[in-house]
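Structures incoming, each one as structure tokens.
What follows is subunit A paired twice: with subunit B in the first complex and subunit C in the second.
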Partner chain A sequence: MSTLFTEPFFTALVLGALTAGLPLLLAGLGEQISEKAGVLNIGIEGMMLAGAYGGFLVAYHTGSIWLGYLGGALGGMAVATPMAVLCIRLGLSQIVIGMALTLGAEGTTALLHHFQFAQSYPRLPAVATLAIPGLSAIPVIGPALFDRPPIVYLAILAVFLTAYVFRSTHLGLALQAAGDKPEALDAAGVDVVRLRSLAVLATGCLAGVGGAFMAEVGAGIFVPFMTNGAGFIGIVLAMQARGRPFGVLWGALLFGACLSAATALQVAGVSIPTDVVQMLPFVAVLAVLVLLGRKASLPPALGVHYVRGGR
Partner chain B sequence: MNQPRAASPPPPASPLSEPRPVISLDSVTRRFPGALALDRVTFDLWPGEVHVLLGENGAGKSTLVALLSGLHQPDAGSIRVDGRAVRIDTPARALDLGIGTVFQHSMLVPSLSVVDNMALGGAWWARPDRAGLARRMALVGAEIGITIDPAAKVGALSLGERQQVEIVRALLRGSRVILLDEATAMLTPQGAGKLGELVGRLAKRGIAVVFITHKLDEALAIGHRITVLRLGRKVGEIAPDRLASLGPAAATTEIVRLMFGSDDLTAPTAAPRRDRMAPPPLLVIEGLAVDDPVVPLAGIDLAVAPGEIVGIAGMDGNGQKQFAEAVAGQRRLAAGRITLGGTSLERLDVGGRRRQGLRYVTDDRLGEGTIGSFPLSLNLLLKDVGEPPFWQGGLERPEAIAAHARRLVEAYDVRTPGISAPIDTLSGGNVQKALLARELSGAARAVIFAKPTNGLDLQSARAARQHVRETANQGRAVILLSTDLDELLELSDRIAVMSRGRIVGMVANDEAARSRLGALMSGVAA
Partner chain C sequence: MTDIRRPDHERRHEPPSGPTTTPASEDQAAGNPPGRRGTGRAWTRLALMTLGPVMGALLLSGLLLLALGVDPIAYYGFVLERGLINAYGLQATFTRMGTLLLIAAGLIVAFRAGLWNLGGDGQFLLSAVAVAALAPLLTPHLPIALVLLAGLLAGAAVGAAWSMLPALLKAYQGINEVITTLMTSFLGISLANVLVKLAFHDPATTVPQTRTLAVADRLPRLFGTTVSSGLLLGLGAIIVVHLVMTRTAFGLKLRVVGANPRAAIHAGLPVPMLTVAAFAISAALTGLAGAVEILGVQGNVRADWNPAYSLTVIPLVFLARFNGFAAIGFVFLFSVLSIGGESAARRTGVPNFFTLVVVAILLVMLGIAEYLDKRHRTARR
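Up next, the complex of A and B:
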């Protein structure tokens, strides 16, 4: 077994964890913002998929990876907008609408893909990485962590930024209040519907970029249903993180590692049936839910429509 | 004359201008579907005055607060602040006008610290100035004699402390009007006393306070002016000079008369039931106690003779529901004995007590009483599911169920499109009839009615009362829980008053009953 734990194995594992974990990180972070504000965002899977499609489409036509991310964000927000209108403004069931939006996004992107790309299956060129001088020379983790596409650093930055916003701004307090006691927030003069709508749009934006990352960096190609439950794993991450962005980061890396274990094991020359290895992330989801599910303290007003003066 | 800016304090009254109310409602009306919550109410609030708002449940007190705090808008009438007509269409607007509210249910975010709750609502990207807020909090707190740890999580504070936080917060935001909706309802007597003193200090500082309570002694202890609402109407106001000249005893009499209607005892609403001979009691409750986080019950003794109706009066939420559920078997007893015709019930479950002949007609008709989407016929058998003759060997016998339903629908005059209509499509009065049919049929020996006419139209209410009366006339023991004094006086032989989980008095239904009950209910000894 000593041959298994070689330097290339670890590099592949860490790198894979980051590549596979990054979309989960963005989705989990986005979901966390919605949940903090009291919105259970089940549509996030659809937002990621729309982001993956939008990201790929724009990057393919413009040749710009950055415009691609923008396209991904817009794709995610295109799914988030009806969610905000239907659930936050009109008070329809967040679960029903979330499911419907996910199914709708799956169908729509698959159909569009069929007409646009199903003949040619175009690929994007590999994305350039940005090596951070000094750090990238560290053995094992250097190339895996510090020689990555710039979006990776931005995503990590987003974790710090979110943590800062949650802890140290009025916006963070308002989000917390919207999920815990929306009537108190309303009484303090903050528009709950607007805040929650913005939270859902922010989720769409982050999940969309996460999806775009999957298409542009992870796969280099758009395939129907390619997010493959990443959004739902994001929901689990947000719940187990209990409102802390860094909780999402660690969770995303763990899940990413599970997802990338297959590749890493192949690099190490071990052959385990891929079916077994591909089950890993879902086993991990189950394990997390079993171990932490009881402790998950969800905001009291999660999923509850807010009406002023309602009873 | 130069109008002052809304958020600035009122100018000192110049010798020429009369002092004027900081807030006045002019003939304000507010409707809800099915309820006229406020009916042309006129109300003035003066600076430096504690204005107590009294009234039974549903009188419209909270609605008045909601109008002033921007949660609801009036349907008609106008609101003036500093003499200027205003529209208070959002809570933020109310705050801008200097109106701070301590709602019946806490409006603090439990998962945030005290100071973060104070910071709520600031510019989004800014850092909350926690240190500055804590300092200002301490200053305001010192002025009115309160100390609170700014870093404490609100969820860990007691109810009394939370109210103090809310009052300090209102003052920090420059409120010169503070509305307190049933602030003492959940407090211990000491806590309530402290709050009363605090409110007095606020008024001394020139703040106008609206203080809502159910308790007369409190109202008299801290109020300068008293307004009484009844079913959405303002039925009386006692101005400060008159309140002072009346003295507590006379004021109490007057308020009880206003709150509970006419004290003209020559015209009772209905002939009280005849006195009967006293046979041995059928349903006996001794030393009943129930643990409950909100209203624990203790030491309740009650004996009901066959054919007797014992009413239980009291403001809502004083343990009536807990009591009924405990007797019916839906709650565990902490102590006490219940016997029905000599058989002790306290070890039996709901079904066992039911088989002994104890019935409970809940006031939560569509919640625990029925299953809304089930057909009427099944709802009529909800407590006999699986029992013969309606179920045999685990199988439903549709003809037996339908025949049973048709019989009860006929006997109780339930107006329904059919026996298979889902019960939630029936009107409230007919749901109540169905519930009565279910509970009163079979071998009932003792029946507990919880607010049997609550929310019913006049006709249905009359029918329900008739059923209560008949139940007793058939020789059953009846306990009638109600917050409607007229109803209790019309039906009961004796009336007990429940307050804070105890029976605080028992009154025979005679001429003096109304005023003695009013006094007992308001916390003033009869």
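Up next, the complex of A and C:
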């Protein structure tokens, strides 16, 4: 076995964990913002998929990876907007509408792909990486961690930023209150509906960029249903992280490692059927839920529509 | 962890004389004599609330077709012709109904008990694979009737077993079943694929699929048509489920758990036990659907086969307001769309994904209709 754990194996594992984990990180972070504000966002899978499609479409036509991310964010927010209107403003069931938006995004992106790209299946060129001087020269982890596309560093930065907003700003406090006791927030003069809508839009934006990353960097191509449950894994990450952005980061890297274990093993010369590998992240999620499920914590007003002056 | 509130439409709609739909009392308040006009209005409202979303969904998805450069009228015409008017199409529609009705029956049990069993597709596929692996092995040794019975039982058992993890986590750990059922569904779909490719692969062919059950050994067909007797199982199941949920003490207990779990505990109901039971029944019916699809229609499972029936039946069950008889009508409508859509995919080049879009728009329309209805009623008070 000693030949298995070589330097290329570990480099492939760390690299894969980061590439596969980043969309999960962005989705989990986005979901956490929604959940903090008291919205269970089941539509996040659809937001990621719309982001993947939007990101691919824009990057393919403009040739710009950054405009692609913007397209991804817009795609995600295009799915988040109906969620904000229907669930936050009109008070429809967050689960029913969330499922509907996910199904709709799946169907719509698959249809659009069928009519646009199904004949050609175009690919995007490889994305340029940004090597951080000095750090990227560290053996094994250097090239895997510090020679990545710039969006990776931005995503890590977003974790710090979210943690700061949650802990040290009025906005963070208001988000927390919107999930814990919306009446109190309303009494304090903050518009609960508006705040929750903004939270859902932020989720759409982050999940959309996550999806765009999957299409632009991870795969280099858009395939129907390509998110394959990543958004739902993001929900679990957000639940287990108990409102702390860094919890999402560690969880995303763990699941990313699960997803990339197969590639790494192939580098090491061990081959596992891809179908078995596809099961790994879900096994990991269920194992986490079984072992730590009790510790998951969600805001008391999660999924409850807030009606002003209502009881 | 907090409980996810169930959507309002679960409680609001026992058509047409349900707890909150009391047109007679509203009429009295407005100074109108109670009686026929009230009931008439209730029925009109019900028709509006049901047909409105359906028409709206077909209209909006028609616009999407138009945007994609497909003539919607020609498309829907083709779907109707192939799913309803053409004799073979209609028989295929009825056969499809058998499978979908069993799934709908399973969903009604779970949803009425306030449990979001969104893992139907994993339960369905795993059962289908188990039955497809088991039945061809038994045929040389047992009479066909026993093989079919064993297949149906095995399907139900596998489905129920696959739901136990989410059920136990929900009942004893309070873990949100929306997440766990979705996760076990993804897992089940992958596992089904692994089983088909690696364990139950038919050695006689290079195509990754299970052994095929001979056509003569499948569920009997009805009255000289090609309609599988799975239709009778489906109809029977959904009617029994409807009656059990609305007319028996067990059904009432489940509905109390669904309406207010805290009140159910105060009433002395064994909530964890009932949760597990509701999950088991729901998933067993979904598993039975998998068995019926294999024993009556497919005969084998091919690798990567996932019709995603359960996800698409969910909106139909909502549209029917968890009423079994109404669900029969909607499942029929959807079966026409589904069979016709499959033909249309081959002919007009609009892939099957289109039905997903229709279903999604239908759910949103349904929600909006509920909202407008509620606002209308509060405005009249």
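Note that in this section the second predicted complex is superposed on the first by the 311 of 311 C-alpha atoms of A that agree within 3 Å, B and C clash if a C-alpha of one lies under 4 Å from a C-alpha of the other, contacts with A are read in each partner's own complex, and residues count from 1 in each chain.
The rule is simple: a contact is a pair of C-beta atoms (placed from the backbone, for glycine too) under 8 Å apart; a residue touches a chain by one contact, two chains touch by 3 or more.
This structure is a prediction, so every number in the text was calculated from the model and none was measured.
Participant: By residue count, which of the two partners contacts subunit A more extensively, subunit B or subunit C?
Facilitator: With both complexes superposed on chain A, more residues of subunit A are touched by C.
Participant: Check whether A:286 is in contact with subunit B, with subunit C, with both or with neither, and answer first, second, both or neither.
Facilitator: In the superposition, A:286 touches subunit C alone.
Participant: Once the shared chain is lined up, is A:126 touching subunit B (first), subunit C (second), both, or neither of them?
Facilitator: So A:126 meets neither subunit B nor subunit C here.
Participant: Mind working out whether A:232 is in touch with subunit B, subunit C, both or neither, as first, second, both or neither?
Facilitator: In the superposition, A:232 contacts subunit C only.
Participant: Identify the residues of subunit A that lie in both the subunit B contact region and the subunit C contact region.
Facilitator: Subunit A residues touching both partners: 299.
Participant: How about subunit A: which of its residues touch subunit C in the complex?
Facilitator: Result: residues 40, 42, 82, 86, 90-97, 99-101, 103-108, 110-112, 114-115, 224, 228-229, 232, 235-236, 239, 273, 275-276, 278-279, 282-283, 285-286, 289-290, 293-294, 296-305 of subunit A touch subunit C.
Participant: Which bits of subunit C are touching subunit A when the two form their complex?
Facilitator: The contact residues of subunit C facing subunit A are 1-2, 4-9, 64, 68-69, 116, 118, 165, 169, 173-176, 178-180, 182-184, 186-187, 190-191, 193-194, 197-198, 311-312, 314-315, 318, 350-351, 353-357, 359-361, 363-364, 366-368, 370-371.
Participant: So in the complex, the part of subunit A that touches subunit B is made up of which residues?
Facilitator: 168-171, 173-174, 176-177, 180-181, 183-190, 299, 308-309
Participant: Which stretch or stretches of subunit B touch subunit A in the complex?
Facilitator: Touching subunit A from subunit B are residues 66, 69, 71-72, 90-92, 95, 101, 103, 106-112, 116-117, 119-128.
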